[in-house]
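In what follows, chain A forms one complex with chain B and a second complex with chain C.
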Partner chain A sequence: MEIKINHLTHIYQPNTPFESLALSDVNAVIPSGAFVSIIGHTGSGKSTLVQHFNGLLKPTEGEIHVGDMIISSSTKNKDLKALRKKIGMVFQYPEHQLFEETVEKDICFGPLNFDVPLEEAKRRAREALELVHLPESILDRSPFELSGGQMRRVAIAGVLALEPEAIILDEPTAGLDPKGRRDILDLFTRLHKEKGMTTIMVTHNMDDAALLSDQVIVMDHGRCLMQDRPEIVFSEEKTLTSLGLDLPRAMRFLRKAGQKLGQQWEEPVFSTEKAAETIARSFVRKKGGDRS
Partner chain B sequence: MSRERLIEVKDLSFRYKADAPLSLDRVSLEVYAGEWLAIIGHNGSGKSTLAKCLNGLILPETGTVLVDGLNTRDEDAIWEIRRRVGMVFQNPDNQFVGTTVQDDVAFGMENHGIDRDEMVKRMASALKLVNMEGTENREPHRLSGGQKQRVAIAGIIALQPSIIILDEATSMLDPKGREDVLSVMHELNKTKGITVISITHDLDEAAGSDRIIAMEKGRIVLSGTPREVFQHPERLLELGLDLPFAIKMRQALSEQGIAVSPDAFSEEELVEELWKLKSTI
Partner chain C sequence: MKLIIGQFVPGDSIIHRMDPRAKLITVFIFVFIVFLANNPWTYGFLLAFTVLGILVSKVPFSFIYRGLKPVLFIIIFTFILNALFTRQGDVLISAGWFQLTTAGLKQAIFISIRLLAIIVVTTLLTLTTSPIAITDGLETLLKPLKKWRFPVHEFALMMSIALRFIPTLMEETEKIMKAQMARGVDFSSGSLVKRGKAIIPLLVPLFVGAFKRAEDLAMAMEARGYRGDVGRTKFRLLKWHGRDTGLLSVLAVLTAALILMRG
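Up next, the complex of A and B:
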């Protein structure tokens, strides 16, 4: 499902002494089925922006087109319910929102709220658990007895059980151990590839943004500074540095190595494998030269 | 080399409920004055439980924990132990108790009955050490996560501790906040000789420590200098952990047939190795 952002401006607490401009004339497009990462310094407007996508916030000015729905300042709150069903939101630390006695009840809570019949909700709970790679046997357990990584996956299953067409992830791996991190990222990569899920991820991790996304949106002071393929965005080193954002690790290493070895390695390279290939090529060329 | 032992943990076992499995299983450990010790391990491996034993927040089922010779079981010593072993937790919002920065820093000192003139002096120097001078009257909601953690550290420093435990204290921060907190801690470690125990999932952070301990199922399964511990990349992955970037880079280079020495351990050393290799071609 395509999401189109047209001249979006958001002012918190307008006409009060606390008025603050959080988003200013943002224009961007999230193509249907794409994996889009949103990067930017803390306070740049990333979270405010994504909260518009499922109607948690309404624009002060401008519009959001989500599929065939249009959200503007005049959209009625009751019309937003349909939107929340289409777009799932995984907040930071979603496990803090678990509250039911059993995993099954917790996952069914969302669907039941959207008037899905109980049997269907239970079927969806099983399916969602399978998607997040948890065994059916935990359905009867209390979510609070699970490990941190498992709790997070249950919370995500609760969002998936709504069968959304797009999903918003606000720093989905924050606070997880390395294995939990890999599991969660694998899960969303799989959902995106296999189910064509439109995925929007807010992240501070440049490596994740570079490696996983089709498109990267760069936010700064409530504005959208860039939207493009990661290869293009991460070629703009000066702009990113001026915003306090880093290059992906592999690129930083290549620059460091290049300086010492007298090479201009400035191409966008995101994985250690690709960085090693770049370095290996320069070694081979030299060797070949010696032999001829 | 003989070093001053600050903490001695001997055969420590602990479980949360009588019928629960052991969260700590006969752990023995020594922490030396002035070192930076990283404790790694996946969620539920016993890291935080161990940390809570070190300042008597929880007491051993069996075994002993001695801090500067004081036993955590000794009720008369417990306040002194907690003064010496400060702890910074994960969530910046759950440990800010004051309504302003100075109230927050004063909280611990008030509990320890430090007199006002001394408090004022210590407050100023503690805030300076964490680069938060001039924020005395700020309210918590006006601070970033990294700033809140630094205020928490100031509150601890004001008690003149010998050890600060960071229990995943940077995991909820953005990259800038994380860097600020870690650089303040490294400064305190170097210039004030404060011993740091850092529980972390960030293997790059652990790579910068003096010593690493890896935990699994309540036991210490690996220990040594970062250089020693990262000699066993497969073992770390088995433990559900990750490798520091430089080690991954080294592996990728050798897969490309570039024979980097397995001793190269940091990015700088890798670059140095590449340069040497290149000049021999």
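Up next, the complex of A and C:
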């Protein structure tokens, strides 16, 4: 499902002393089946932008095309529910949305709201639980007695049980330990690869943005500064630095190593393997040069 | 966020800069002297004081109006009740059991002005005074009650914590509402029963979060050596200025005028 953003402007609390312009004239396209990361400084409008995709916020100006639906300031609230069924949303700290007595009831909550029959909802709950790598035995427990990482996975299962066509992740790994982080990211990479789910991820982690995504959108002060492949976005080192954004770690390492070794490795490299390869290659070349 | 009572709008007007004690005393006394008014002159004074307050505070009228909207219903309701059930004076309109009299209309207008004046002036206090300043002011003003073992400090602390967390709680509410809306909850339409049910997925996480936050806060305060007001010094010292005496003088003049002019 393609998502197209046309001249999107959003103002919070318009006509009050608290009025704030959160997005101004944003244009971007999220191709169907793509994995798109959104990066930018805190307060740059990332969350505001993605909340438009499933109709949690309506544009002040401009419009958003999601599949064949168009959302503008005049869209009726009741038309937005159909949209929310197609696009799942995992908020920052999604475990804050848990409220039912049992894990099973909580996961079934979403599907039941969209008129999925109970039996089908229960089947989906089991399936979603498997996707997030939690045992079925957890179904009858209270979500509040689980560990932080487990709670988050239950909450994510609650969104996956809606079987959305696209999923939005707003800093899905905030506050998790490294293993928890990896598990969650693996899960979404798998969903994207195997089910072709369109995935939109807001993140502060440049490594994740560089390694996982097909496209990166750079936000700054409510504007979309860039949208391109990660190789291109992360070669704009100056622009990113001026926005207070880092380069991926592998690239930072290569820059430093290059300075010490009197070398320059310009091409963008994101993984540790590629970085090691780049360095090794230049040594091999040097050795070859010495011999001749 | 539609309700603005209890919401502070930072600014630099003379009212913003006044001592919270002066403003608290003024509002407290104003709420009482409102009931002195009983004729067009005196109600005029009340209105003038209120409007003057808004003008001097530089808080836009439109903003106060927006904030009043939720309570406007109560004012209109009182207006209608008074207009309908006062049966003295000349009859203006009469249709069946319905009767509008001059006295009824007058009564309705006066009562509405009373309510409006009280609400606007109280709102103005919270709009122009930061929550912290209000509690500081209250704590100082209530200090004498300590003689009778009233826990003034604890009371002020509770209030400042409550005020401090109103915005946080509102933000939290909005966030959880959005998260549940994304899971198909409809907060704004459907039958009353359905809407009532939609409250549960909102309230449970809100309470869980609030309790957790309270625990964290208690722990953080203890870790920094908090043990009540015994031996505690103040970071912000309240200072009484000429403008504060000025405010009380205006209030005194208003009170005198009300007493002199009331019929």
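Convention: the second predicted complex is superposed on the first by the 292 of 292 C-alpha atoms of A that agree within 3 Å, B and C clash if a C-alpha of one lies under 4 Å from a C-alpha of the other, contacts with A are read in each partner's own complex, and residues count from 1 in each chain.
Heads up, the rule we're going with is that a contact is a pair of C-beta atoms (placed from the backbone, for glycine too) under 8 Å apart; a residue touches a chain by one contact, two chains touch by 3 or more.
These numbers were taken from a predicted model, which means no experiment stands behind them.
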Look at the residues of chain A and decide whether chain B or chain C touches more of them.
B
May I ask you to decide whether A:R153 touches chain B, chain C, both, or neither, giving the answer as first, second, both or neither?
neither
So, A:A276: does it touch chain B (first), chain C (second), both, or neither?
first
Quick one: classify A:N113 as touching chain B (first), chain C (second), both or neither.
second
Partner chain in contact with A:K86 - chain B first, chain C second, else both or neither
neither
For A:A174, is the partner it touches chain B (first), chain C (second), both, or none of the two (neither)?
first
Between chain B (first) and chain C (second), which, if any, makes contact with A:L261: first, second, both or neither?
first
Could you tell me if A:N77 is touching chain B, chain C, both of them or neither one (first, second, both, neither)?
second
Figure out whether A:F253 sits in contact with chain B (first) or chain C (second), or with both, or with neither.
first
Taking the superposition on A as described, I'd like to know which of chain B and chain C A:R124 touches: first, second, both or neither.
neither
Can you check the complex and tell me which residues of chain C touch chain A?
1, 9, 59-60, 62-63, 66, 172, 175-176, 178-186, 188-189, 200-201, 204-205, 208-209
Note which residues of chain A are touching chain B in the complex, please.
41-42, 147-149, 174-182, 204, 244, 246, 249-250, 253, 256-257, 260-261, 271-273, 275-277, 279-280, 282-283, 286-287, 290
Which part of chain B faces chain A closely enough to touch in the complex?
41-44, 90, 144-145, 168, 171-172, 174-177, 201, 203, 240-242, 245, 248-249, 251-253, 255-258, 267, 270-272, 274-275, 277-278, 281
Residue numbers of chain A touching chain C in their complex, please.
13, 15-18, 51, 54, 56, 77-78, 81, 84-85, 88-89, 91, 94, 96-99, 109-110, 113-114, 144, 158-159, 162
